[in-house]
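Working notes, structure below.
By letter and in written order, the chains are A, B, C and D; residue numbering begins at 1 in each of them.
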């Protein structure tokens, strides 16, 4: 896909390990793809919360010295995307506050659809806001709850939230993880000897050698403390339909992760096989847009028996600080990141497999670049249906009018991209690739939104209010 | 004095000037002596608050680019001391929040004696705290006030505060300045053509060419907005005894400032004259500890007719990042900052004038250094009484047990310092040097605290709570 | 391969383009794999040489502002590996000096085997050295040459050099490129409209849309100036046997480049095919060590008809600043970079294809990691022969005693790595994969060194002299 | 004076102390006034030269970590002024090279009048230049000398130099200091227990507690090594007239230093006294332009019996990074640095004492600022004669046409500055203030240049050649 989809977050927490900060650092490293623009770790050493946050990659934000400044046997980490600029450091997570319940840290992945309403209610009740992230709303709600038990406070707070929220909390007592009842975003539980780990994806368990125990269930809250792991389902009775994000399998999650009970690479390979069944074509080579199309392309190749090649080289050094070339060489931008290999492509009929198309402009440029390298025919295959609807649950697609599939017919898109044929995987085909199709959200393709929200503007209300993004 | 006293803050605000941020930058430059460890500016451009804060000197925190990012015709700036370390950036001011009253920024100079109580009450009512500065408490109180008018909200908030608070607020409507009813810390009003300026000291008016209008009165609130300046005295009825900080005249304020209705250099010169009357001595030369003792030394010289010399050179390049020499040359630390001129000192009987003595260790080292340069006799004169009591109103003296005058007799101190004679200005003499002696606080010398506070711990409660300083 | 081989350099030059610095920046971007630790660009604007160099990646060293500070229509750029630490900035290239011939800049890829001798001769003649790079020796020789023509000076200088030297010079007159008579390191000529480009690899032409004209021939000097391109063969008569670096094809060069007249990916695919012929095995899957083993693995798969999979995910965010985990989790280092996908690997018999093995320790750790993921059998295939000999021509292998193939038998290595079978491509097989086998250097495998050098110490003499690396 | 004179350097060297780098760091701290834009230290640990240099103040360039990286018992340090911009880091000193004589470091204070000629000769002989500092020329000459002994090489080299050169060398054998036969720039010898110290001024001995042994004599070379201190006078026979820089006493040197056998503050006080004799006036107060006019003002006050005041406060926080205020407030620049105290000045007849006047524009602005503060009359007294001639021996005055005294009559200057009266000290008066008037250079006032130089351009030839300054 192109670079338009920028919104996700990675969560990682540890309880009960003397190297808690370092494990969290490693965990965030492997979750870097879920958020490249800010990172933060909070630890609790029995007396004090220690925090280090910064803009940039995990490897840029932390070093030996900052990790040494994060003592304690429990830790919480977060990676995020956000608008560029140092001024947004204040919006980076985890967010740490002190309240009557003691020190509290929280990290959030997802998007509340009632954030604006909740914030207005809180402001009306005298709350002040120093950031524009949903996490601050959640902390206010938690701090204002006045039940006998913290469990009840948390339950009360979670019942007020609508939308997508996978949350990690760090308190004086331990680490808490929860997923909204719909289960939009993933969260898994791991063990490393006697320590517990919570992570957005299993690849973060692998990096530290932790074993996967299970996923946190939708609607579940797990408390991890001195007494081990305790589970609650405070919002179970609302029993909503499960709606896990299928786009995580299509694009977001790392292929070596397991999420929602399935291996991401296996799902992607099946998507490619199904795509080959739905859109077969006579061609010489199957090649992916690297790296997001890799497994679907392999699947297409396996099913179609058309040989798989790696006909484009991706330059992994291209970072966030890329400098624009001068006007005259502006259209070479695509080549900076992907270089087609002429010797492979020339004279060949290609099946190009991409995970999705958002705006279409980047895809068009890549097609042009392949054409210039001598491709005889280009058959584009996309491993999900046309992306026509915005996401209100944590994925930051462009606005609807920027989504090419929302404004153009398939034939229009084919012509715009300049390909011989174009095949988007059908929704039915997509759902065949996963084990329990009924448990997924397909809103960005189907327009069927599992959690209702107010007017369209609701989603951007908070950002507009202050010109900041959320996660 | 030595370097033990590190606590003060500088405030500067502008309303109605297209160069608001730049003027504030210049103003903070001239208030740098009130806080060297962090600086911040907030502007409002009619729609959005823009903030830039950082650790370090004003010249390090701001540059052309950051100033360009601060548009608007109203601005608020703050310089502060704080514990070192980037982690305390979050405690830097101005503090900016959004609440039901819209965006609000505040900067504070002083110390609330009921901060801990207020914060506990707020936490009990569900407030969350992201910093440990008094400013956050004030913003919570303001946001929770529910009167018909903002004026009343502010009045209600100010009436809850006890202790020293000179405050600047920036709202969507304009700039607000207030001083506590005791008037502990200074604040003056200036005009630059049609713009209004508020500043801790008049030297900040001079730098931008603004004219002094008057000081903000103790207990007064000035609202500066589209309709000009409007004054309220919301807490006038409590009519406390005025208790302006006399230590500002003795040490803190810049000599070229006017504060509390008097020229600082003139007061200091009178302190020196009075010191000469109280402690005359036969000597060859009068010399100051530069630069804080300069004017008192000139006064002593004028009164005693003993010639004034500058017998020590101060190295102004010595910054905050000074590297400790190895053990062997450790006691040379004093020489890095002050170098006595042997040719002047050798064989001479000296009167050394310093503004105050806190711990005494630095003074002792300086005396040693003068002795090694050949001084025949050293008569130390201090332009205030023995500093025996902690300050709870915004000056961060060491703890009482570290104050040499609290634990030793004058003769003990003289012997400890190694001087032929030691003369501290009397409290009566000190009060003679100012026009309205009854309007000053003398607590650090007399122990008479004008605003009561709870147990001793009250002052440090908040800091202990979180290991952070305040201003 | 593992990370032991760190020595290479990337060269890029432009003549006759108003965006010379920007093109060079882009070119260096695509040559980043040839040197990640320092980068530099020099431009000449008709009057002055402008230089910007720094430690770090190209994207870190340059930004809009530094590029704007590099005006001119001719430019020279360099990326390099070097010892870490800012102190080695002085050793970064291009090196720029002024001499009787005017300002001169030079960038070098390769290694002189007579550097120490030349430097001793120059020092004896009164030369002073400010760096330890070969480039400085070359500039001294050039400056001391006293022929009637610059061409002759350059010829005289080049005839004194022994070993591997691909050089780019920038003078007031234009850009000069040369390759040593053996042709150890690659250099190609491209055109972008009317501008000329010289680059280490063709991928750097692709990124700016330049067309490949041809390669600079071994022993050739090309002068590019106002009169176009002029070619000389000043050292042709020495007519040495060609000895282009075959390791460039095996590992160094980017797969999308053409060097030494061949497509790198095509060579690598053929290496994989040949490997399958030499070391067939019954297995379920073929997978590469990503990314260096990708094309050889594809070739092996094509030849053996065993399905190709991507069973390890490489984390591309792992940068140079990776922080070591604590002792307890030290052996997880390998997982930080490569994560095996259990779902793919479990229960399978794998053919793992890597480009080469140097020390063997990293390979051993990867094998262990695959075994822990449940691999039933691991058959390691290496797409070059055992690396037994040091390189004296610009590739910085570890010392001979660190090369595992130099100290252990194949069976020993197999046991050490813990694999079921181990197959190194034969030298004959390797040479079959390239079009003109006689034109390549195979010294690191065969021990047959095409350019003689003195004692073993010769290579490291200069570095030992000063503890610095060269390129 | 105003800020136009920016050219000087500070030298410091240590032999035989285990804290050599740290002592050098402290020494450079106290020589910071001789060069604020770059600093560097080189140490030798018996095997290797270790160097750390950077742009900025000594406190910015060095920290604990960089000092730890400078082991060894001998060290050489340098502070310099230079054109701003990181690109000039390469011109910072000490310069370190390797040559047939081993590793050599050199630091230079002064200006060679035959630098351009020497460099042309060296280039013609095949030398290459990487910087534009005189030091590199000196190292080339030294490296090319081929006598039996290093002493002879050094003597040969020094005999070729014309102009001002105080040099420190660090070799494998020890520390070497030399002054040109005219003795333009100062250099003194100190001892700290068994270690030797060489420093530009005695204030650098004071800071580390070293004792002054004596000054290095004009034309003398001192070798400090394992055998102690050895002295040579290799260029004695040329026996030039001594011409020590009198401007060091007037402005450059620190008042607490002794140079050329005299106490700087004592000389300055005598200058003030003499000024009072030459230009008496009826006035109320004498005040200096702080801090450079302090001692002359005290002298004027003592002689005239007009009371001394400090009527301007200098803001020492004003660093090199000062941001220009917007156009409207541009003329406030002077106030940022100096704030006149209205309460002191208003209605008074002032004698203002400054050390010198160069361009006159800054002085004019200060006079205006004093006038706005209510001064009734301003009598300007300058403690040296009119500065009419450029310096070719190391002080970087503006060009002759920018020197106000060169282009205007005294009455013109008085009117330009806007003062009631103007008195420049006479040359005779100036010379009376020093013990041995015949040993001084007075070229900048008299135009009598003790060392001849070619055309005017000679001085700037090297800089023009490359756009760089020297020291």
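One rule holds in what follows: contacts are C-beta pairs under 8 Å (C-beta built on N, C-alpha and C of every residue); 3 or more make two chains touch, one makes a residue touch a chain.
Values in this document were obtained by computation on a predicted structure and should not be read as measured data.
Listed here as common contacts of subunit B and subunit D: no chain.
Least step count on the touch graph, subunit B to subunit C: 2.
Relative to subunit A, the most remote chain by averaged C-alpha coordinates is D. Per-chain Cα centroids separate subunit A from subunit B by 49 Å. Between subunit A and subunit D, the centres computed from C-alpha atoms are 61 Å apart.
Between the Cα centres of subunit A and subunit C there is a gap of 37 Å. Shared contact sites, meaning residues of subunit D that touch two or more other chains, are absent. Contact annotation for chain pairs lists A-B, A-C, B-D, C-D, with touch applied as defined. Residue ranges on subunit A touching subunit C, taken from their complex, read 19, 22-23, 25-26, 29-30, 32-33, 57-60, 62-64, 67, 203, 206-209, 254-256, 258, 263, 265-266, 294-295, 298, 302, 307-310, 312-313, 315-319, 321-323, 325-326, 328-329, 332, 335-336, 339-341, 343-344. Looking at the complex, you find that subunit B touches subunit A at residues 48, 51-52, 69, 87, 95-100, 104, 123-124, 126-130, 139-140, 143-146, 465-467.
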